[in-house]
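As written, the chains take the letters A, B and C, and residue 1 is the first residue of each chain.
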Amino acid sequence: MEAAYWRTPVLAETLLVARKDLRVEWRAKVALGQVAPLALLILVVLAFALDANSSLLELGAGGLYWVAVLYGGTLLIQRSFDVETDDGNMDAFRMSAIGAPSLFLGKSLALFVQIGLLELVLGSGIALLYNVRVTDWVLLFVAAVAGTVAFSVCGVLWGVMSAGLRVRATLLPLLLVPVLAPILLAGSRAFETALGVRADAGWTWASLMFVIAAIHTAIGLGAFGFLLEEG
Amino acid sequence: MSAVVEFEKVVAVAGSFPVLTGLDLRVAQGEVILLRGENGAGKTSFLRSCAGLISVSSGDAHVLGFDMRVDRRAPRRYIGLLGHENNLYRDLWVREHVEFRAAAVGAAESDTDAALLRVGVPKQLWSVPIGSLSAGQRRKVAIASLVVGRPRLWLLDEPHASLDSESRENLDVILAEASQLGATIIFASHESPPTNGIASRVITMGGGRVLEDSGAS
Amino acid sequence: MTSTTRSNAKMTATPATRVLGVLAIAATALMAVLGLFISPADVIQGEAVRMLYLHVPSIWIAYGAFVLTSVSSILFLRARKRREDQGRHYDRLAGSAAEVGVVFTGITLITGMLWGKVTWGTYWQWDARLTTTILLFVTYLGYLALRRLPADPMVRSQRAAVMALISFINVPIVHYSVDWWRTLHQKASLSVGRRPEITGEMYWTLLYSTLAVTIVATWLMIHRYRVIRLEELRDEEALAALISSRLKNDDGSN
């Protein structure tokens, strides 16, 4: 009897993969239970480092926020691929009838949600701990979305590059941070504009993040299948 | 009948070690083949080469009509591979995991229930996280994930491992049924007494190639 | 490599590269003389300007090697399917270029920092050029780390090639971002079609130094390439020996 191997559209497959990832997270509660509190703690520790100088914290909140996102985000990306390399799951990934682009988009979508939730926590964190006032909510939101999309897409792309290889745990941050650096830069500047700290080109910085996201998405869609092959 | 697997003088290298050293084998559709051999004989490597997970460096290799030297990814959607590891998401519930695997190959949701029942995973375990199951139960969930996809070619590496005797017999029945419906099955096993009751052909491997073949086709 | 070189392969030198090597030493010596003694000190910066003659050529090699790595990676990915050699030549080229590149990026950073300390008073300025260079340095390190991982050689080379390509796109993004952010570094002293700010003897010394450093870098790259080739040859021979010994074992044991 033939199996029903008709190709479902990319969107359906993407949602399938994303739902699976989010469900794994929902059951394991690593993002909510461990990473978010840890990232929040980083905000506290940064305040210690800056001697709780409230004007410094207020000025630097935009940047400090993204540093915490970088830290937490890297852990989440790591976790996303730990789940896949555990128990030989990469083989199932490779053998899957799901197309590589759908895998790429699905994991990116799931990461986007997870990092997004992390950012909600961190956003509340800087509002409460660093006493910031938002002057441009729209810019803030758009910049956060742009940065999160960029983080997610880059994370999945670089995550698969080091996935399944033995020294992965320290290699991934080394590969990832130079790539995330411009996002961090852009995000911080955009946030500073939105928080009224500087009257800069916040929207241009936000657009830059979208451009970075678009470029990496295009590369990911093309190269993901190729990169999945056995390490 | 068309050949499902056709390997001719196949050499495959993993890392820098030659895991297959000139393997010749032809498998027709519907056959159930038992692979035997010592550790390191190349049974796992052969199964993985059929699945296209190891690339063929020389020789001719065709699986389900696809040339493995041109595109080794092509036959994968028609293949069910069960390796030493179970490929399970530990955090998911049993049912959620098999549902995902089913949806990934376009099978219907109802197929999940049928597969789990067929394999012998009781309903009360369906909402249990996979990580808290015993090794034997996890193996059964892995088998269910394969069964639900109804593959044309089954590649099984020590499928009976961790199963109790009742489950082993059940697995043999499942394999026999699948074969009746036209699937081709190749499984590697150390089992003793040898489970060649269902196997129509026994192939012994060694040193990365076929040493004995009880029934060439 | 010729078959003679192959069978006698205990070293990577050939007559041509020996000549190149001598040339490299001579060129460097001349560069030192020109740079340290003959060319004049700068009106504003004084003797410190001499750092320029090592710093600027190093930047050129750092970025040039980076481009070479990326272009080789593209060529490698396209040539992979060729049966004869699977495009490995380009992979080796990418690897050797990257190693030379990382060395010269390091030299760029160190000379830049020393020069900065003398002229600006600080080791570091957060401008586009320097910041991009340090991120380039770390990117190189990541690339080389990826190349060293225990994995199937072909898969490893492919991943490294993809990384090189993505980095090729990423580094300009970094530069563009940081440039926006601040500009402080000396404007480019050499560019096509523009009158250089550095004129006369300093200009020619700089051009010459660039040539000398390029010769040295080329010599290094050629030898690094050959070392990689020798390593691959050794692995191929070991593999062939393993295959034939496995084939000889009639009882099928390892």
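Operating definition for what follows: a residue touches a chain if its C-beta (ideal position, glycine included) is under 8 Å from a C-beta of that chain, and two chains touch if they have at least 3 such contacts.
All figures in this text were calculated on a predicted structure; none of them were measured in a lab.
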item	value
Chain contact topology (line, ring, star, complete or other)	complete
Chain separated most widely from chain B, comparing mean CA positions	C
Chain pair with the higher count of C-beta pairs in contact (A-C, B-C)	A-C
Identifier of the chain whose CA centre is least distant from the whole-structure CA centre	A
Rounded Å distance, chain A centre to chain B centre (Cα mean)	36
Whole-Å gap between the CA centroids of chain B and chain C	47
Inter-chain centre distance, chain A versus chain C - centres from mean C-alpha coordinates, in Å	32
For chain C, residues that touch 2 or more chains besides their own	150-152
Two or more partner chains touched - positions in chain A	230
Interfacial residue positions of chain B with respect to chain A in the complex	51, 53-54, 73, 76-79, 81, 83-93, 96, 100-101, 103-108, 129, 145, 149-152, 181-182
Residue ranges of chain C touching chain B (in the complex, touch as defined)	150-154, 235, 238-239, 242-243, 246-247, 249, 251-254
Contacting residues of chain C [partner chain A, same complex]	135, 138-139, 141-142, 145-146, 149-152, 155-156, 158-159, 162-163, 165-167, 169-170, 173-174, 177-178, 181
Chain C contact footprint on chain A (complex, rising order)	157, 161-162, 165-167, 171, 174-175, 177-179, 181-182, 185-186, 189, 208, 211-212, 215-216, 219, 223, 226-227, 229-231
Sites on chain B touched by chain C in the complex	11, 13-18, 21-22, 37-38, 40-41, 55, 204-209, 211
